[in-house]
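Two complexes, one shared chain (subunit A), two partners (subunit B, subunit C).
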Partner chain A sequence: MSKELRLDCLGEACPVPLIKTQKKMKKVGVGDTLVVEVDHSCAIKNVPEWARKEGYNCEIDEIDDGQWEIYIEKTK
Partner chain B sequence: MAKKHENYDVVIIGAGSAGLTAGIYCGRSMLKTLIIEQSLVGGLITSTEDLENYPGFPEGVGGEELMNLFYEQAKKYGVKFKFTNVKEVDFSGQEKIVETFRNVYHTKSVIIATGVKPRLIGCKGEEELIGKGISFCSTCDANLCIDKDVYVIGGGDSAVEEAMYLTKFGRKVTIIHRRDELRAAKSIQEKAFKCKNLNFIWDTIVTEINGTDCVEYMVVKNVKTGQKTIIGPREGHTDFMVFPYVGLSPVTNIFEDEIELENGFIKTDEEMNTNVPGVFAAGDCRSKSLRQVITAAADGAIAAISAEKHIDYIE
Partner chain C sequence: MEVSKGNKRKKKKANQIPVGIGLLIIIIILGYLIKNLGTKHPMSWLLGILLGFTLRNSRFCFTASLRDPVLTGGTSLSKAVIITIALATIGFAAIQYGAYIEGTSIPGNISPSGVHIAIGAFMFGIGMVIAGGCASGTLMRVGEGFMMQWLSLIFFIIGSLWGAKHFGFWENTFMNRGKEVFLPDVLGWFPALILQFGLLLSLYILADRFGNKNN
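Up next is the complex of A and B:
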């Protein structure tokens, strides 16, 4: 059964969300999804770019004005 | 994890000038509209620094700046955005299905506005070095060219314009072209031949690009004499930059089993209908002769109206 983990990066400016995400993804199991909560627009660029380069599935939801959830599924 | 199902009137794939314009028109027609974009808003034009032929901007406008205005306008009319890539589509039923990794979208119509991406040279070693000395975006990577030798491959408008731009950064910029004359517009050629730091290697193709984490050398071949030459970095440097500008290819591979394509481009009529009812195409991904922001936007508007008519018809 795949799990969904959350990572709170609200209030954090770049590159902190990316670094935190990279660290956290190491602990995420294959098939599981990490949901990164961010409110700095730069993070919705560099976090997905990194995730796709790694070959992970990635999707962004704008949940509020200026607040996003980045879904990253560890595919391998 | 179970996928979430959502219903829409229109799903637009791609948020470049065609997709965003289609979104504006659909939004204004009160259609429930979703735009799915796999990268950033704006499409290929965002890599153009200055757009001088878009009507309404006599002083010129930045590609990204213009696209952000399109984006704002689409959002104003209630268009929803989803930033992810489309995994699969099924256009066989009246209800069309578009799947991303977390969602399944059920929609009455689809507008494909996926655009084009730069074509590869197709030589040995190229794919491994993309982003490591081989770049398709001079604006993005100009800073990496400072004090280095720069090679631009191609002879069309983009190749020559980008090469001229790069002369501001690179120590020496050279265009490698497979013919003995440029294909670029005469006005651009005139500027290019006056450009001090710009050199040309004619009748030549690149057959190999090599290096570990950067471009260390490349092999070029003169197509007339067959002679091969190795090009290395300038003295005191370990690497150089290569910018291929050899044309564009459509981003349509996920649709190839669903709709009719023509050399990879989507075949449509003047109303942007593909061969599948309810599926429309707009912009650069379509088989057409002129690929510009303005023609893509025009396609988007037409596709939106056609989608609206289709929805009225099926209901």
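Up next is the complex of A and C:
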């Protein structure tokens, strides 16, 4: 059963969301999904870029004006 | 990909298009209103807005271009900045060479080099990484509505004024002792451009290799 973990990065400026995500991703099990909550527009560029380079599945969802959830699925 | 998007807190978003059209009309009207101040003003107004728009939508960030290779291993923005500098070099070279041919003084900030550049760059580097943006990046995010950076802007202004207050010290201690170096004067126009583009190209290749190696 795959789990879904959440990471709160609201109010954090670059590069804090990406570094927090990188650290958290190490603890996420294969098959699980990490949901990163951000409100910094740069984070929806550099976090998915990093995740896709690592080979993870990644999707962005704008849940409110200027607030996003980044879904990263650890595939390997 | 399959992700469960349960417990959605999605609110119905307000349609921003009418606001955008209204803003566009205001921008154009303001451009017309300031035309009596001189032709420079409407042009600056328009260029500033277009640059801000581009900066925001491309998420271009000078801070990230210098910070990410060290901190996260990403170099895509470093490469973007190198391309920007290369493009700007073409424009600058054209303007300066034009002035050189006409025999007028060469435009541009040609200041003496010295220790003060290293000190200033080091201080600015620490500041911009903590604040999460350089000058243009901070301004862009202030406009975007990221509250934390409003604070950065206030201290950015305080810091600039502080620097201006002590400018005399830097000028007397370091700048006046430094030597003004304008590469085309030293090497000639063609070799200077070759050197500049050669350096940029090698930096680009380095950034590209580094970026691929780290991921």
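The rule is simple: the second predicted complex is superposed on the first by the 76 of 76 C-alpha atoms of A that agree within 3 Å, B and C clash if a C-alpha of one lies under 4 Å from a C-alpha of the other, contacts with A are read in each partner's own complex, and residues count from 1 in each chain.
What we mean here is this: contacts are C-beta pairs under 8 Å (C-beta built on N, C-alpha and C of every residue); 3 or more make two chains touch, one makes a residue touch a chain.
Keep in mind that this is a model prediction, so the values were computed, not measured.
Peer 1: If subunit A is used to align the two complexes, do subunit B and subunit C fit next to each other or clash?
Peer 2: clash
Peer 1: Look at A:Glu73 in the shared chain and tell me whether it touches subunit B only, subunit C only, both, or neither; answer first, second, both or neither.
Peer 2: Both partners.
Peer 1: After the superposition on A, what does A:Leu34 contact: first (subunit B), second (subunit C), both or neither?
Peer 2: Neither partner.
Peer 1: Is A:Lys45 in contact with subunit B, with subunit C, with both, or with neither (first, second, both, neither)?
Peer 2: So A:Lys45 meets both subunit B and subunit C here.
Peer 1: Classify the contacts of A:Ile60 with the two partner chains as first (subunit B alone), second (subunit C alone), both, or neither.
Peer 2: A:Ile60 contacts subunit B only, not subunit C.
Peer 1: Using the superposition on chain A described above, determine whether A:Glu4 touches subunit B (first), subunit C (second), both, or neither.
Peer 2: In the superposed model, A:Glu4 contacts both subunit B and subunit C.
Peer 1: Between subunit B and subunit C, whom does A:Pro15 touch in the aligned arrangement: first, second, both, or neither?
Peer 2: In the superposition, A:Pro15 contacts subunit C only.
Peer 1: On subunit A, which partner's contacts cover more residues, subunit B's or subunit C's?
Peer 2: C
Peer 1: Among the options 20-28, 38-46, 110-118 or 146-154, identify the stretch of subunit B whose C-alpha atoms clash with subunit C after superposing on A.
Peer 2: So the stretch of subunit B colliding with subunit C after superposition is 146-154.
Peer 1: Subunit A residues touched by both subunit B and subunit C?
Peer 2: 4, 33, 45, 57, 59, 61-62, 71, 73
Peer 1: Can you name the residues of subunit C that touch subunit A in the complex?
Peer 2: Residues 1, 3-5, 8-11, 13-14, 16, 56, 59, 61, 63-64, 67-68, 71-72, 74, 76, 131-133, 141, 144-149, 215.
Peer 1: Report the residues of subunit A in contact with subunit B in the complex, numbered from low to high.
Peer 2: My answer: residues 2, 4, 33, 44-45, 48, 57-62, 71, 73.
Peer 1: Residues of subunit A touching subunit C in their complex?
Peer 2: Spelled out, the residues of subunit A in touch with subunit C are 4, 11, 13-16, 18-19, 22, 33, 39-42, 45-46, 49-50, 53-54, 57, 59, 61-66, 71, 73.
Peer 1: Provide the residue numbers of subunit B that touch subunit A in the complex, in ascending order.
Peer 2: Residue list for subunit B touching subunit A: 1, 40, 81-84, 100-103.
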